[in-house]
Structure formats: C-alpha cells, structure tokens
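Presented below are the structures under discussion, each in the form of structure tokens.
In what comes next, subunit A is part of two complexes: it sits with subunit B in the first one and with subunit C in the second one.
The block that comes next holds the complex of A and B.
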C-alpha cells in the first residue's frame, strides 16, 4: 500500500509537469524541449529561496513565477531571432543548465535541514489539493477570452491573425504558464525527495509526454473528460506502472526498457482502439 | 472495444492490488537469523559495482547471513525514491546505498532503518551525516575521497619536470567539484599547477581532452562517474600525446591509466560490510559508528601503458607497486 501511495504522490507531482506540457505540446502544438532545464530550474530556485529564509510556500510560488522566465526566453528566441521552436527550447534548456549551477554554486543541494511544503500534514493530501487548485485555475483560464484565443492559436494561427490578434502574444502567454508549471513541479519534487540535483531533469520529457499520451487513451470518446484531467490521470498511471515494475523486483537492468515497453503498449492500444472504432463505423455504412 | 478497455483496467487493478498487498516480505520463523538488506545503487559502472561486490563478499567473509535485494536506479532520481520507499515497505534490516543521490533518497525515506552509504566523496556537505566522527542519525558509511596528495606526488616521482596537470570533470557531479577544488589547493605545495576542464556531457570528452593535451604535462583522473565511463578514451589520448596519467582509483588503471596509489572500491565495500556487521550482529546504532575514509590504499600500475609511454620500470616509484590485471 505504501508503494501505491508513493507512486500516487510522484504521479501528482508529475501531473503538474504534464499539465504544463499539455499547454505547449497539445494546445499550442509547439514542441518545447526546454522542460529538461526548467524542471531543475524550479528546484534550484526553491533551494535558493528557502536557504535565505523564505518560507516553503512562498519559495514554491516564487519558483513558479521565475520559472515563467524560461518560457519568455524560449519565445523570444523563436519570435525575435526566428529560431525554430524546437531548437529554441533546446537552447533554453542548455542555458538553464549553467544558470542552475550558478544559482546556488553547487550541483547538489540537500534540503534535509529546511522546512518543506509537506510539513503541515499528509503529503498525499497536500499534493492532491495543489494539483486540484492548479487544474481548476488552468481550466478557468482556458475558458477566458485569452484562453480561447490561446487554444485558437494552436488550432488555426491564420484565423487568429485574421481576427487582428497577435498570435505571438498568445504563444508567449502559453509558454510562460507552461514553464511556470514545470518549474513548480520541479520545486515540489525537490521538497519531496529532500534534495536538489542538476540531473533531476534527465528524461523528464519522456515522463511528460508519456503522461499526456496515456491520459489520451482513457475513454477516448468521452468529451467530458477534460484534457487537464487526462494529463493528471496519465501521469498517475505512468508512475504507478513504474512503481509496479520496481516492486516486482524485476532485473534492475531492464527497468528503463520495461517502462518504455509499457508506454508503447498503451500507445499501441490507443491506435488499435481508434482503428477498431473507425472500422465498425465503416462497416455500417457499406452494409446500408 | 469497451470489453477490451475493461480487461486492461481489471489487469491494472489486479497488478496494483497484488503488489500493494504483498505486505513486507515477513521473515518466517526459521529465517530469523537471516538479515534482509536492500541495496540501492545509483547507476551502473565499475566503481559502484565494485562497492557492491565488496560489500556482499565482505559480509560473506564475516559470516553474516543475509538475504540481499538489489535495485539499480539507472541514474533516474525519482526511481531512487521509489526504491528507497520499497525497501522501507519491505521492512529491511539495513539499506546499503551506493553513491550520493541514492544515499540522499534513502535518508529521506527513513529515519529508523539503518542506512550505510559508500562511494560518497563528501558525506558532510551532502548532509548525510552531521560530521564524519559523529554521524548523528541513522546514516553512516564510507567515503571514497582518495589520498590525492600521495597521488599527485607520483607525477613528480615519475618526472620531476612535471608542472601542469590536466583534470577533466563532470560539472553535474558535486563530488567532482570537491575533488577539483582539493587538487587546486594541494597542487601548489607539490610544485604543480592544475588545468581543469568542466564538461556536462560524455560526448564533450574528446574535445575537452584535445583542448588540454598540448597545455599539460600529465593528466589526473578523479573519481568522477562520467570520466569513469570514458576512461579508455582518456588513456588512449594521453598515450598518443605521451602524457603521464595518474588515477584516483584502481578501476581506472585497469582501463589504461598508468597508475594510482589509491583506494579500491571493492575494499571500500568490504569496509562498509564490517560496519554492517556491527549494526546487524553487534546491535550498534549507526550514530555511534563514525563514517570512514578508505583505510587501505595500494599502488597499482598498468604494464601495457607503462611500455607505451616508455617509462623506466626500475624507477623507485614502482618498488612497492603491483601490476594490475
């Protein structure tokens, strides 16, 4: 049971990462690879603030606020300097690596002696509350005019421009919020694992994308399941699967491969299921 | 289609229940004397593997009856947390954590189960222990900080004209930063100067090497996980440029570095096994066991490299040194 709770907790932390990735990857259709740098960026920022005496809640919020700067950087690179978004994200990630080392001067910062946001109660409960708050705020934002224009920018940029709106402005807002969320997730992870390390961001993009894709396979047809909910469920399922793999005591060398295989199985199911659905529909028309 | 998704869901729930309900492998009555140890290793590479093997062999030699559960996090930090939590759930008698991040995760996961670490260069700044002499908690272990002064001295013993020493290190590893700074502190006293190159990716090593081979008289390889993975390349380039190489640990020498007067991770593992016996069998508390640096160091050299660099084996330096296989 404890292992299930651990997986759930990690799933909740990564669900915020997934929601951030949702904005860039799914809604805006921009591949922002800077997450590998922004995730630890949030963690290092948190470490800096908590070490100078700021309380954990404020430090975590500040990590979100400064994290949005990463989005600002990436957007500036691809709008002002006309660098392709994919490369812009990679460049931001690379710059953040050095920035992260500079923030505290070290690549590994233990947090054992500082307070954390989880001190005031059950970690699981606190994470549930945080995730719900983030989800509700994000859902509300996407229903505002700005939110709708953001979604529209991702769907049909030409349409947005024809309305006389600056599509770049919405990309900027989207990327800033997304990176802020990724940084927030990093700060929460740091407090959860008890230390900050420069390697925290490695392979994090796999976790984010896998969460989104897994979330998509759940009841594909239903429209009431919002994409933010899907991202959360996807992240939790992904982490639970990882937890099962570890708990089964499988050969440690195969751990990563097994995680990847599980993701492949889900994606394959996703594709097979949608094909089956189309086939059923076609049969009906042909027989008529 | 609905049936298919139901089956998958059921399968998932079943798997979760199965693992959730496998409540801590309860030790049965006749296993009472067997101790359960959970080993968490950060990543795969020779030094960490040696630390693990040394620990397991050491326990065997000391006659401690153990059942070992070994998990490797493959460098994935969240996995270190999951593995640590798993060991806590399984109610193991001791956790053996190899490398700093693994030990930090273990410390975060439990303040009751004894945790022994190894292959951690600076346990104090990693906040694993309050101090080496009085760890003050449930965590203690062995540090792999090598006798750098003895090793740097070897450069001068082999060639008194050596002045500049090159060091390549991984900026992502806190232990490496510690060692580079230590080297820079010791070097002037030995009449040496350190030229350091920091890299963040293993693919940068060839360029980093090329940038220093013309500037230095020798290369010193610190105990850095990334350098350890590419040690063959380092020694090859050094030989091509006729540079003396000295290593921080003996697994580098097996892969081609000329020599070291240093620690053996295998022996360090055995040293940690002794601490494990004190905790499990003698009932000592980790806070009463001071953390240790490597007790034994040994001089080993690589004969092939020696010949390639055309160094005189009759040099005094090799008197008490052993050839490495």
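The block that comes next holds the complex of A and C.
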C-alpha cells in the first residue's frame, strides 16, 4: 500500500512535468531538451526562495514564473539566432547547469528544516489538487483562440501565417508554459524528497517521454480522453511500474536503463498498433 | 485591384548561378475577376504568387492592393488582405483539429487572437451553410478531424477557409494539381461557384489549359518572367495556347 501511495504521489509530481513536455513534444513538435536543466532549476529556485523566508506556496509559484524564462531563452536561440531547436535546448540546459549551481552556491541543499507546500495536509490530496488545477487550466487554455493557434503552429505553420499571425509568438508561449510547468514539477519534487541536488534533472526527459507515450497507448482511438489526462495517467502508470520493479529487487542503479527500455517498448507497441490500424483502415477514406 | 509596378526579382545574387526571374515586370489584375496565369515550368508563375503573398520578398517594385502598398508588409500582415490555397491540400488546414475548429480559426482572421474561447456556437449555422455549398457532406462532419478527410475534401475546406473573410485577393496556387481528375473537376467547379457568388478578385495558377480557359475571365501566359500572352478567356482556345507553347518550345530548342 505504501508503495502504491508513493508511486501515486511521485506520478502526480511527474505528471506536471509530462504536461509541460506534452506542449513541446506533442503539440509543438519541438524536441526541447532544456527540461533536463529546467527541472532542477525549479527545485533550486524553490530552495532559494524558501531559504530567504518566502512562504512555500509563493516559492513554488515563483519557480513556475522563473522557469518560463528557460523557455524564453530556448525559443530566442532557435527563432532569432536560427540555432536548431535540439541544439538550442541543449545549450539552455548547459547554461542552466551553471545557473543552478549559482542560485544557492551549492550543488546539494537539504530542505528538511524549511516548511513545504505539503505541510498543510495530506501530500497525496495536495498533489491531486495541484495536478487537477494545472490540468484544468491547461485544458481551458488549449480551448482559447491562442491555445488553438499553439496547436496549429505545431500542425502547420503556413496556416498560422495565412491567418495573419506570427507562429514564433506561439512557439514562445508554448515553450514558456512548458518550461514553467517543468520547473513547477521540479519545485514540487524538491519539497517531496526534502532536498535539492544538481543531478536531479538527469534523464528526466525520458521520464516525461515515457509518461506521454504510455498515456498514448491507453484507449488509442478514444477522442474524449484529453492529452493532459493521458499524460497524468501515463506518469502514474510509469511510476507504478518503476515502483514495482524496485520492490521486486531491481537494483536502483539499473533504473535509468529500465526507464529507457520502458520508453522503447511502448514506442514499439504504439508504432506496431498504428501500422495495424492503418492496414485495417486502408481504403476507408472517402474520396470527394 | 492589384497593381504590380516595376517588379524585379533574382535568386542566387552575385553568384555564377544568378537567376533573373522578373525585371521591370508590370501587371494589373482587375477587380472581381478571375485571372488565370499559365506558362511552362520556371516561367515565374509560382514566384509571382509568392511575391504577392509575401513568402518571397521582391528586390524592387511596388505592389498595390486597392489603396494599400502591401509590398513592404510581412507575409502575416499581407495575409489579412490575401487568401491563398496551396497545391498541397494539407497546407491550408490544421490536420489534428476538427472541421469546426479549423473554420473557427479562419473565421477569426484579421480580428486578433486572444484568450477568448475559439468556437462560437452562434457561427455554426454559417459554417454549415458554407459547407453545404460544397456538396461534399462535410456539414455533417463538423467534429471530424481534418486528417481523416480525403485530399479533395481537405482542399475544398482550405478554399472555404481562405475565402471565408472575403479577402481583397484570392490566390489559387495550382490548387487542384495534387488531386485526381474527377476530384480536381469537383473542386474547380466549386471554386468557380464561390468566386462568382462572392465576386472575388482571384489569381489562379494552372498547368491545365482547359481549366484556365473554362474557369477564368482572363488568361495570361508568362515566359521567362514576361507576359507573352494576355487575352480574355472567351477570345482564346486551348489549341491557340498549345500552338503558342509549341512555338515557344521551338524557340527554346533553337537557342
């Protein structure tokens, strides 16, 4: 039971990370590797604010706000300086590594002596509320004119231009929200584990991808299941799989390889399933 | 009216491969008429459309659309005045969105996009009316994602979306070239109905001589960036154009 609750709690924290990655990876079709730096950036920002006396809720919100700056930097690199998005993300991640060390002057900061957002009640309930608020706000945003243009930018930039809009603006909005969410997730994880560490972002992109990809395998053809819901369920399933693996005696050192294997297995399954679907659906499209 | 004056454009400037497409090119397109532009590959028809729409900037020249000098505007700013349907059916739509969502986006063109709800249910009857005009049954598929539509259906939807806000100029860039002959005919007929119904100033690029004559009011032939034929469609035949093509081909071969 304890394992299940821990997996649920961690899954909920990672679901915010996954919802951030959903915007870049799935909606905008941009491979933003900067999240590996933004996740600890959010954690280090939280540590900084809480240590100077800011209350935990505001510290967490500030991690989100400053986290958006990482998205601003990556977008500037690839839209204004014409650096490939993949490299732009790596450069932001590299810059953030040094920034993270500078924020508090240390690579590891214990947070046990400070208050946390979880102090006011059940950790699971608090996380559930935060995740639901993020999901509802993101869903509402994606139903707005701006939100739809964000989706259209990832789909077909030519359409966005033909509507008289600058697609760069929507990439910027998307990357800023995504990085803000990743930083928020980092701040929540820092409070959950009680410390901040410079390595806490390593391979985090695989966790986010795994969550999105697992989420995609659930009821593939369903249209009522929103992408945000899929990301949340995906993150929770992913953490439960990881928790069971460790409970069964998996060496934690092997966890990263297992994470990558989980991603490979689910991508392979998704590809095989969609090929099968295409084969079955052949000739099914009506001609005009 | 569209008036292009002293337009010049060349590619690969100051290199051995420098290519002059237009040099002191002038063109006037009459209001509420459909003008077809034809010509062999490389004659400059697509470049001309790209220059008008702003996806390529001219080196020199003035482009006046009604009273607006659009030549210096960005592609996005020009798009407020211009509707364009591309050759590729997926270029004018957002495939992962539904027909209703795509039409709602097109409906907001020029009004600015903000944090308001996109889909306005009060506008749905208008969308249904427009889709019914197409006679493709799309009015019953408002909630279908565009990626599930056929090429012809997508292109028809692109056409409606491009024309929905009555642009000052409609550009049709070989918009039926990627479709099979039967679908191409359906889309061309619907295009003609739409242009006539709303009296839209249109420039249509086509490789199909018959379509160019049948569906336009005026036919212009370009060759090496110059107008070599300019006649009312009713005064020209397909054979005449083909003869002209052959003579031009002979000239090219003799050079």
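We take it that the second predicted complex is superposed on the first by the 256 of 288 C-alpha atoms of A that agree within 3 Å, B and C clash if a C-alpha of one lies under 4 Å from a C-alpha of the other, contacts with A are read in each partner's own complex, and residues count from 1 in each chain.
Keep this in mind: a residue touches a chain if its C-beta (ideal position, glycine included) is under 8 Å from a C-beta of that chain, and two chains touch if they have at least 3 such contacts.
Worth saying up front: this structure is predicted, and the values here are computed from it rather than measured.
J.: Does subunit B (first) or subunit C (second) touch A:267, or do both, or does neither?
T.: After superposition on chain A, A:267 lies in contact with neither partner.
J.: Which partner does A:156 reach: the first (subunit B), the second (subunit C), both, or neither?
T.: A:156: touches subunit C, not subunit B.
J.: Of the partners subunit B and subunit C, which touch A:166 in the superposed model: first, second, both, neither?
T.: So A:166 only meets subunit C here.
J.: May I ask you to decide whether A:202 touches subunit B, subunit C, both, or neither, giving the answer as first, second, both or neither?
T.: A:202: touches subunit B, not subunit C.
J.: Once the shared chain is lined up, is A:72 touching subunit B (first), subunit C (second), both, or neither of them?
T.: After superposing on A, A:72 lies clear of both subunit B and subunit C.
J.: Looking at A:4, would you say it contacts subunit B, subunit C, both, or neither? Reply first, second, both or neither.
T.: It touches subunit B, and subunit C stays clear.
J.: Could you tell me if A:249 is touching subunit B, subunit C, both of them or neither one (first, second, both, neither)?
T.: First partner only.
J.: Give one of first, second, both or neither to describe whether A:54 is in contact with subunit B, with subunit C, with both, or with none.
T.: A:54 contacts neither subunit B nor subunit C.
J.: In the superposed view, which residues of subunit A touch subunit B and also subunit C?
T.: On subunit A, no residue contacts both subunit B in one structure and subunit C in the other.
J.: Can you name the residues of subunit A that touch subunit B in the complex?
T.: So the residues of subunit A in touch with subunit B come to 1-4, 6-7, 10, 97, 101, 106-108, 110, 112-113, 189, 192-195, 197-200, 202-203, 219, 237, 239-240, 242-244, 246-249, 252-253, 255-256, 269, 273, 276-277, 280.
J.: Name, in rising order, each residue of subunit B that touches subunit A in their complex.
T.: Counting only subunit B, the residues touching subunit A are 1, 4-5, 8, 12, 15-16, 19-23, 41, 44, 69-83, 85-86, 88-89, 100-101, 104-105, 107-108, 125-128, 171-174, 177, 200.
J.: Going by the contact rule set out above, which residues of subunit C touch subunit A in the complex?
T.: The contact residues of subunit C facing subunit A are 75-77, 79-80, 83-84, 86, 90-97, 101, 104-106, 108-110, 113-119, 136, 148-153, 155-156, 162, 180, 182-183, 186-187.
J.: Hey, which residues of subunit A end up touching subunit C in the complex?
T.: Checking each residue of subunit A against subunit C gives 141, 143-149, 151-152, 155-156, 158-159, 161-166, 285-288.
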